[in-house]
Amino acid sequence: MTNNNLSDEKLYEMKNRVCDANLKLKDSNLVVLTWGNTSEINRDAGIIVIKPSGVPYDTMSPEQMVVTDLDGNVIGENSLKPSSDLDTHVYLYKHFENVNAIVHTHSTYAVMWAQSRRDIPAYGTTHADTFYGSIPVTRQLTKEEVEKEYELATGKVIVERFENDNIDPIAVPGVLTVGHGPFTWGNTPDKAVENSIVLDEVAHMALMTEFLNPNKDEIPQYLLDKHYFRKHGANAYYGQ
Amino acid sequence: MTNNNLSDEKLYEMKNRVCDANLKLKDSNLVVLTWGNTSEINRDAGIIVIKPSGVPYDTMSPEQMVVTDLDGNVIGENSLKPSSDLDTHVYLYKHFENVNAIVHTHSTYAVMWAQSRRDIPAYGTTHADTFYGSIPVTRQLTKEEVEKEYELATGKVIVERFENDNIDPIAVPGVLTVGHGPFTWGNTPDKAVENSIVLDEVAHMALMTEFLNPNKDEIPQYLLDKHYFRKHGANAYYGQ
Amino acid sequence: MTNNNLSDEKLYEMKNRVCDANLKLKDSNLVVLTWGNTSEINRDAGIIVIKPSGVPYDTMSPEQMVVTDLDGNVIGENSLKPSSDLDTHVYLYKHFENVNAIVHTHSTYAVMWAQSRRDIPAYGTTHADTFYGSIPVTRQLTKEEVEKEYELATGKVIVERFENDNIDPIAVPGVLTVGHGPFTWGNTPDKAVENSIVLDEVAHMALMTEFLNPNKDEIPQYLLDKHYFRKHGANAYYGQ
Amino acid sequence: MTNNNLSDEKLYEMKNRVCDANLKLKDSNLVVLTWGNTSEINRDAGIIVIKPSGVPYDTMSPEQMVVTDLDGNVIGENSLKPSSDLDTHVYLYKHFENVNAIVHTHSTYAVMWAQSRRDIPAYGTTHADTFYGSIPVTRQLTKEEVEKEYELATGKVIVERFENDNIDPIAVPGVLTVGHGPFTWGNTPDKAVENSIVLDEVAHMALMTEFLNPNKDEIPQYLLDKHYFRKHGANAYYGQ
């Protein structure tokens, strides 16, 4: 028992969801080698469960998931180290209060855009069904930020971009960290993984849309509204 | 028994064909998550069978398929909601009278063209074997159309494009809805799926043909005629 | 027994090799739906074995393979029709006397080049290991050729290109038919399939080589010589 | 027993690691047909174990691996020929003294860059996590080098490039041989394979980064430093 506020059973379910989400990333071809991690937060219980560092996917088990408090301090007897990206996750959880699960990958097409230092424009309804507007890329970190507190600073520039441009992290459940790769989030680990799948797919579609149509026409705002709001919010009615 | 004009057995076979076609879309890598749907019409019996809304592919069964009348009103006791694209299907069945099955996907390469707002030119015989001419893209819907009756309007602009340009939906069994994705159709759900497979493949081929040959030379009309008519119509003789 | 010059056992082995080669095309992702065919010739026995027309890959068996004489006349009691591309195969066998097996596909990357009406230049050693020089594309067929004897004319323009440019079909075991797709050949059906695999792979590599290096520098002749001749001919010594 | 300095058991383990690494290349889709090879050196025991020439992957076994001395002379009773690329491996082992395993492939995206005669720039952190700077391409071999001692000369131009530009082969564990393909290396066959997987993935990412951002901005030096050194050297702390 690592926490008084959560039964062993509930904690195990949480570890299981986080582990499953990691495996689903692999099955969805979003992860090469061990390049991905997932976490879930339970704010009431005061804990975060995150993938351990450098563990191969083919032997990953729920027991290996690492438990930390809301500041990222490891609690419990688990000897594995948490993912090095823990500080980014912790910072996002502190500032995106309705986000309960986070996923990070180096998925191929999303990385191409991140390396290109460009937002992914909303070129179609596949994008609009999940992301209400462009998927933003963060600014370049300064030398000092990189050297002093790299993973924390990564969280900070994500939040900075969302705040500066008044982007709602629920309406745009993902970001590209410049030169690096995507983070997505959601209500559950499963939903955060789903958003990573969508992000990589729309990154691929957008890439070649620009080749075929150099005008780079985005979809009209009213179509973006329609697609997003028929799936999200009070008036949602959509299902394929 | 949902309809007096169709035996339980025949109805089950119809549901089975529609369910199978959905699963085949998934197996053919044309569908990410739940982004696809298939339907079949029986005009004599007055019914349409369509995929339910938002059901995951790995647990999909024929029993889950939704039955509606020819206007898209759900009939029978099935509690699942029909695919939100039902209105598009219904409109197409009303106006394309020789079409008995419809498929909609967000397949990657077809979407790239749809988002680029461009017809797919007939660059080769792989295209001509199935599509007798360019695969058309619909016009952009107006704000009013999107807000008032989006799924129905999607059907309308498809039919509008075929009528305006005198395109025979039997000779060109597919379309790109602008900014969205492809619809294909056929005599049976299986044939409609096959046409979706072909459409995505020729979309991929055409994409890179334009990279290699910026002149964008389409195949000569006489070769288009030869390939299409050796497989279709009274004088067909072809099989690979 | 369909032919006095070949034992039942030998004929079955031949059918088996042709059937296996077709299935290998499918397993190598070179074939969508039924878009591919393979044949083998036994000149001494006076027979050609070729894939039947339009048979699905998942139920294909050696017994279904069609036997013809050296002019492409079906012999034996098999009720299936030979592949419509038979006339192309027959013409190639008549003019490429050291070729014993032929494969035709619509493999994705090879088709992109065929549709672009361009030879595939020898950009690297992967190409040179199998193809001693550019992989040629045929000229456009005339309206008359297409209408009168399309499949035969396809064979004729292949041979025409090899004769006009003094290309040795053993040193360049494949071709692109313009707007259509590749044919490859070899000593055995297995080798012809292998050459189709190589052709599609080098087509893919060459495509993006042109994106990265618009100068389109081919490899030096002496490197082409080295790679080709260390694998082929009297002084071959190569194996990865 | 092929060598007095190594027990039968240790030698078998070495053969097993080399065989496994070859199979892993295949499973990772880095190898078409038989286009790949792996070796491991034991400098104390004075032996190199390398893949045999032209053996198909589906029947490959540890027993087939070929043992040579440090000059590449085959020792022991194994009748199979070593990979033709043996001389390249031997030369690299002699000059890269901390390298214990080498992998060569014709992986698709790496070859595109090799054929384009271009280094792969460090466009992102996925690259920086494994390669501390651009992945270099060798110069074109002269006619004389190709004709006289091709495989040995391939080793020489690799070492020449690393020496001329003061590149540390431990910090940049891979190279592109111009017009040909990648070689990677590592402490173990497994690590060398992993580096091949990374190289091909970053080659793919870099390709389309250039399409999206024609400015070709590389990541800042301080970010390259951060990513490389958080995973490598005395202060490493990283794991996803």
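Note that the chains take the letters A, B, C and D in the order they are written out, and that residue 1 is the start of every chain.
Everything below uses one rule, namely that a residue touches a chain if its C-beta (ideal position, glycine included) is under 8 Å from a C-beta of that chain, and two chains touch if they have at least 3 such contacts.
Being a predicted model, the structure only gives us computed values, none of them experimental.
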item	value
Chain D against chain C, contact positions shared by both copies (same if over half, else different)	different
Cα-centroid distance, chain A relative to chain D, in whole angstrom	33
Computed distance of Cα centres, chain C from chain A, in Å	47
Residues of chain D whose C-beta touches two or more other chains	211
Contact graph of the chains (line, ring, star, complete, other)	ring
Pairs of chains, among all present, that meet the touch criterion	A-B, A-D, B-C, C-D
Complex contact set, residues of chain C against chain D	123-126, 194, 197-198, 201, 204-206, 208-209, 211-213, 217, 219-220, 222-223, 226, 230, 237-240
Chain C residues within the chain B interface of the complex	32-37, 51-55, 81, 83-85, 104, 106, 108-109, 111-118, 140-141, 143, 146-147, 150, 179-181, 207, 210-211
